[in-house]
Amino acid sequence: MPSLLGNVFKGWSDYSKGIEQGGNQKYEHMFSMSIDLDKCTGCNACSTACYAENNLAWVGEYKFASRQSMHWMRIERYFDEPDVGSSDPESLDRGASFLPMMCQQCNAAPCEPVCPVAATYHTVDALNAQVYNRCIGSRYCANNCPFRVRYFNFYDNAPTAWPAPMDQGLNPDLSVRSKGVMEKCTFCIQRIRGANETAKREGRELKDGDIVTACQQTCPTSAIVFGDLLDKTSEISKIWKRQQVKLGTYKQEKENKDLRGYRIFEELNIEPKVLYLERVREV
Amino acid sequence: MSKTKIDRRNFLKVLGLGSAGAALAGCDMPSYVTSDEGKENIYSYLAPEEYVIPGIGVWYASTCQQCPASCGVHGRVREGRVLKLEGNPDASVNKGKICQMGQAAIQGHFHPERIENPLINGQKATWDEALALVAKKSGGAAWLTGAMSGHQRVLIDAHRTAGGNARHYAVEVVNARPWEDASLATLGDANPNLHIDKARAVLAVGADFLGTWGNPVKSMRDYGNFRSAPRGVLMSIEPAMSMTGANSDIWVTARPGSEAAVLMGVGHILTTKHGVSVADMPSAALAFADMTPTKVLGLSDVKEEQLAKIADTLMANSPSLILANANHDTAKVAQVLNMMLGNVGQTLTPSAAITAEALLPVTGSSKDLVEFAMDAKAGKISSVFISGTNPVFLAPSKLDMAGALAKVGFKVAIADFHDETTTACDVVLPASSALEAWGTHVPVDGSDAGEVYIQQPLMENVHANTRGLGDILLAVAKGAGVDGLAEFEDYYGYLRTAVSALIGSDLEGDWNSILQKGKAVTAVNHSNFNAGGDVALGFSEPAAKAGTLTLITSARQGLFDGRHANLPWLQEAPDQISKAVWDSWAEIHPKTAAKIGAKDGDYITITSANGSITTRVFIYKGIHQDAISVPMGRGHTNYGLYAKNGVNPLSLLDASSGDRQTTELLNSGVSVTVKPTGDNRHLVRLMDVDSQHGRKLAATITADQFDRNQGGA
Amino acid sequence: MSGPAKTIQPKTKRVLGLFGDFDQAFEVIADIRHYKVPGITVEDVTLKSPIEHPEIEEVLGERTCHIPKWSFAGGAFGFCFGFFFLASAQANFLAQPQGGKPIITIPSNIVLAYEMLILFGVLVTLTGFILGARLMRKPSGLYDTAISIDQIGIVIEVGDDEFQPLKDVFTKHNVIEVHEEALT
Amino acid sequence: MSENHQHLTNEQVKDIDENIAWAKINNDVLNSMKNPRKGYWVALVLSALLFGVMIYAEVYQYRNGMGETLLNTSHMWDLYISSFVFWIGMSHSGTLLSAILHLVHADWRKPIYRFAEAMTTFSLLTAGLFPVIHLGRVWNFYWVMPYMSDRGIWPNFRSPLIWDAFAITSYLTSSVLFLYIGMIPDLAICRDNTTGWRKTLYTFLSLGWRGDDRQWRHFRFTYLMIACFLIPLAVSVHSIVSMDFAMAIMPGWHVTTFPPYFVAGALYSGCAAIITLFVLLRYFFKFEEYMTMPILDKVCKLTFVIAMVWTYLNLIEFSAVWYGHDIPSKEVLIAKATGPYSIFFWGMMFFGSVLPFSLLSKAVRRNMKIMFFISIFLNVGMFLERWMIVTPTLSMGYHPQGFNVMWPGWVEWAMVGGSFGWFGLLFLVFVKVFPCVSMYEVKEMVYHRKRTTYADVDEMMELHSGVPGPEAQTQQSGGA
């Protein structure tokens, strides 16, 4: 019992700090992403690459219609342009706007505190980890996610999604989720761990570019950039700094208002970690 | 251990006492991948094959065959199974990137409905019986294939010359034939090298280079740089929104078939308002002069200020690039404008084909499809080999392709899957998938890299009794008595010698580096344009009068022309514009919908002179009010479990009219009548909402804001 | 008022008197309280009744009941135990930083400690009740089912010679039945 | 006995006829436990059938997967959670009636608090089913409990669902104990009057209760103490249940008035359920003497008051959202009132806020049939209220991609309907095994009514009827 209570008193000052007081988390990495909406053509290659890399189950027309599909990444397409307005009400004279949407790995994620069995928590690399074998399927986390990017295994999709010999194409680096378990984009955690192992084996620190997520790799226009925010030399840190977007606030104060970087639903104080660069159009 | 507190992460390390940490990604081993010098000898269950270390992925280079663009790919192989395709960084066409069709190749490879054994009249047979029958009855056979290049084309040509020089029909309904013919006519070079990344403005007229036109992945890569600072302007003129249209700064919708007139209108404004000289092309100048904006408005509903805006943008941002594939006339006008605006030589440079002409690609067109049907009905074709295409599905019902095939004496299909065509054939030879067979391919991108892409098997055959396309061609060619092939007992041997001859050295090291890079680099002969002659510009009055609907068959990077309809990942990938899945739909403008009295999800029957289809309505403003666009790819009658739904708009097209010079099906706008059937079912889509409801989701800033902070990167 | 000096009599018998009228029973006890029956004080009296009488205190005099102490002890223990149990559980389950919340979240621990307070409060009160009321004991002999219907019983342990005066007092207040039992 | 003349009888003034023989009380209640009539067996079979439907639906959902309930990516919760809240709400009235009214010495609760307390326990047992059946992996539901697992993994004490688990277990234990302790004297009575297996059961259960003054004294203190524990517990349990929604960040859920709103709703739906069971038991067991009209009057007034409190809190929430700046919440509110669920929303408003006004009229309160249907509709209103809290928010939310409308499928309706079967089963078994009216409490009530001498009983009588009533004997001798 001594260690049970010992931990409480020893770590009290550290453990009782929320994110407002700087948090109790000593991050080793801060993986984050930035997506340039001006370069994204909405071609859906990233979403299909995610299917191939992360063993996502396709569910068929009926379950897709009942919105029980399992695409971790979806490309949303909007026709309205509230910021710049349309000059011709009868035609889409500036095309459509595309928005790749996946888990934003929020640093103050609303889905984490509500999970009854702590199946989701914030790792030391600032990822929102989803522990499949701990999840009991209470689904509160998906209700609480403002982005609706948590997908639930309503059915045991494996038999229909991978009829033999299609199951030979499954990626052995990560599990095939069973019925009753929540899943979501993990920033290709198997690639992150693989890169960690390679770096450790070669006795060096993880450097920028070691980890390439499946969507970033296949994006034909290189609109997606992934990296470690704590590594100041990384491409992603440069983008966040250049766009004057800082973590830890829910309203950015930018000197240059024309900078394109913004985070979605930032005002909910959930610290999303995907920086979107606004789409540009001639007006 | 001196550490007082062992936390969980180091606990595993201590447990492992050294470097054997039970990492998720596989066990620890030395950095270089050879089993003999490794510190840890980890042997798998049997004597391991070369480089097969359990848990460690190895990447092999190959070529993607999901569409004619032939991008170079790396296949990730674990325990002898290919798991994922990624772009090959050394391939200059796609430089490490691939599209969603490439990503879905894995599903086609491990598909449960693959043909596993040769069939003679539907009955299972052995390879020897089938090949013997083919050798006996296929003397002087014609070839009906998709786009074909590399040594496969060489073998086909060899087989044809040995058998009396029958014709090689190359069928690709989604093609760039109008652009190629116009470039040949005006610049003397069918595939000029396009530099979208150097252009400051791009005008695309019916040339969906971000979707399915030309080399989509190459164009998308260039588009990525095109959009970096200093940011280029993308404009497009098309009746229905394509992928390029969806990403345009200026999207102009013109009545179907009137693109040539609109482009001439732009030329008119360039010559009159901006004083661009057309001195050396008097007839072009004449055509521009009389194409006044009011005339353009009458033909295409495109207003003058839209034309002016395009013209001003072209003038303000040079060098520009004008691409057109709507029809022949438009493509010619585009090339003339390119010459007027001085783009030729800057964003349009002469192509440099490889010296080995025999390997050059045969780019397909729907003209060959129509002519094959005509010749077959006329009885000119005694026997035919069909490979890599599905003519029965692609042909309009008026063409009665099934009837034409019935007239052909002996039909052999070389295919992965059963489809409408293989059921009509006498002999079906099961081809291995592109990821388990040898081959060479020459991309159609006009660059001077002089690359021949190697397609090498990434794993053994999933089904033992299938053979690669190359092996089948080799066997058939031997059967037809082509000399000089006897020494090669399989296509690998043939390729080994052919490629060594190509690069002029047969050293083991060179061959291995070719396999690692996935490409062989050969000499190219540079040429330059012989432009300068006068160009007669004409345009054809759009068949459909104002108010009558014209059917547009749109192609999307997913199901493409229907060949990927049996891949569940692509059936479930939401369509880029409508976000619909697993079923067909008809896109119409809200005003048109109001006129015919259809609301979202209503079923409508679209009837043309050649047939009718019934599908659901998708209403949005990205289409002309006289156009109705139905995407191609679905509506198969016999293509497996996953391709059952949807309708095939190709069946409604009119084979005879087509474009004046060529009979390109997709450009032959057929006028249709539309009537709601009354029943309604919600169109299954990813998104039921098109608006952001006031949330800041996909925000937009103006281009001058972007330029003010040097693009802000 | 000091009662007459009395010698300590050995208790040999237990007597049960059943009364139909509650007031009569109360008068009997009042008599006993006023030492009308020699050798019997009100402490030996046990009143058996079908319903719970708030008037019992006036009749029998103040008698101690420690239930509130049990409840307080249970509640306090529940709260402290709950809080520190949860805090130490959170402190030891280190892979638990969530949603920017601290590891030991005071509000949620207080809510749960509040629940534990009530749970342990109720359980400890119940044990206090069972021990205090000597419930689960071997039943002592004298009992009449009429007590569970509508009659009040008075049980007193008497010596031999005190029995008769007691019976007189009972009959004076028209007792219905008198049972007796030897003390073993 | 006083015949039924036009002006008020004793019973109307003093809530119960004060000269009921105590033996008659015992016999009436003991008889209610014996010879079940045909109506009982019909009800039992019906409940068992209904519960069977629930079992079938659960097995079907367990084997085929959660998707059969037509839940989807936006609607992860639907009828299960709203009926869980509904059943928890039903349970709070038992506590209200037995604990709170006990503290304020409202004696009129005595005849009806036993079945109210039983209803608490059984609706809790029913409510306890839903958090389990709504889990994706039902077989791991015990991970919610804070046991010392050897992998050192604990449940997440920040999650409102864990608070639920804690709250409901402590509420279930304390309300079962409260019911049981309150029943010990009655069990002693049963022990004395039954034979066979019942006797052994009651002997064991009555823990050797002998009616000593020591036992009564400790009983009174214990009952008081546990009542004092139960009242804040009931309030905290339903506040915690409301925190399942209040702790989320979804528009329409993170509303600060949710805890009191839910507690008021709970008491309200509980009182409505009490009226229903009051009418049923009075009809089936002929308990006219015990479940008298004045008691029904008082329960109805209590229900009306709580209905108004609930309506007030409802309107507070609407106005707070309407005048607040939070656009998504405003959208949800407008969608509730005008969107696809508007018919249920207005149903809730009518049944929840307008229907209670009918309780004000004496004629309605007198008529058993009307009262039965009114109480059923009040509870229908409260079920709609829970449903209208869960589903509209999930059909809107922040991200437009999440916008969709979901209607529950047959699996969910079967489970919700079946849960009434389970509740009915428990209640029917309880009524036959345990006394559903507290005998010793009724005796106390009669005893005290006899003692109370309304100095102005006569004016009360005249006041009511305007005709001088017969001279009520103010003083009567003890029970005959």
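The chains carry the letters A, B, C and D, assigned in the order they are written, with residues numbered from 1 in each.
As a working rule, contacts are C-beta pairs under 8 Å (C-beta built on N, C-alpha and C of every residue); 3 or more make two chains touch, one makes a residue touch a chain.
These figures come from a predicted structure and were not determined experimentally.
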Neighbouring chains shared between subunit A and subunit D, ordered by label: B, C
Between the pairs A-B and A-C, the one where more C-beta pairs touch: A-B
Central chain (distance from its CA mean to the mean of all protein CA atoms): A
Subunit C and subunit D: spacing of chain centres that average the CA atoms, whole Å: 31
Inter-centroid spacing, subunit C versus subunit A (mean Cα positions, whole Å): 64
Gap in Å, rounded to a whole number, between the CA centres of subunit C and subunit B: 91
Multi-chain contact residues (two or more partners), subunit B: 686-687, 691-692, 694-695, 697
Interface hub residues of subunit D, defined as touching at least two other chains: 153-154, 156, 158, 162, 398-399, 401, 404
Sequence positions of subunit C contacting 2 or more other chains: 89-90, 92-93, 95-96, 98-99, 101, 105
Subunit C to subunit D touching residues, read off their complex: 20-23, 46-54, 56, 60, 63, 65, 67-68, 71, 75, 85-86, 89-90, 92-93, 96, 98-99, 101, 105, 108-109, 111-112, 114-116, 118-119, 121-123, 125-126, 128-130, 132-140, 143, 145, 147-150, 153, 155
Subunit B residues touching subunit A - in the complex, by the definition given at the top: 19, 21, 23-26, 28-29, 31, 78-79, 81-87, 94, 96-100, 102-104, 106-107, 109-112, 210-211, 216-217, 220-221, 223-224, 227-228, 231, 233, 241, 243, 245-253, 313, 462, 557-558, 568-574, 576-577, 579, 581-583, 589, 591, 620-622, 645, 682, 684, 686-687, 690-692, 694-706, 708-709, 712-713
Touch list for subunit D against partner subunit A, complex: 64-67, 70-74, 76-77, 131, 134-138, 140-141, 143-144, 153-156, 158-162, 165, 244, 247-250, 394, 397-399, 401-402, 404
Footprint of subunit B on subunit A - complex, ascending: 36-39, 41-45, 47-49, 51-53, 58-61, 64-65, 69, 71, 74-84, 90-99, 161, 163-173, 190, 193-194, 196-198, 200-202, 214, 217-223, 239, 242-243, 256, 258-262, 264-265, 276-283
Subunit D-touching residues of subunit A, taken from the complex the two chains share: 63, 66-69, 74, 76, 101, 110, 113-118, 134-140, 142-144, 146-148, 150-156, 179-182, 265, 268, 270
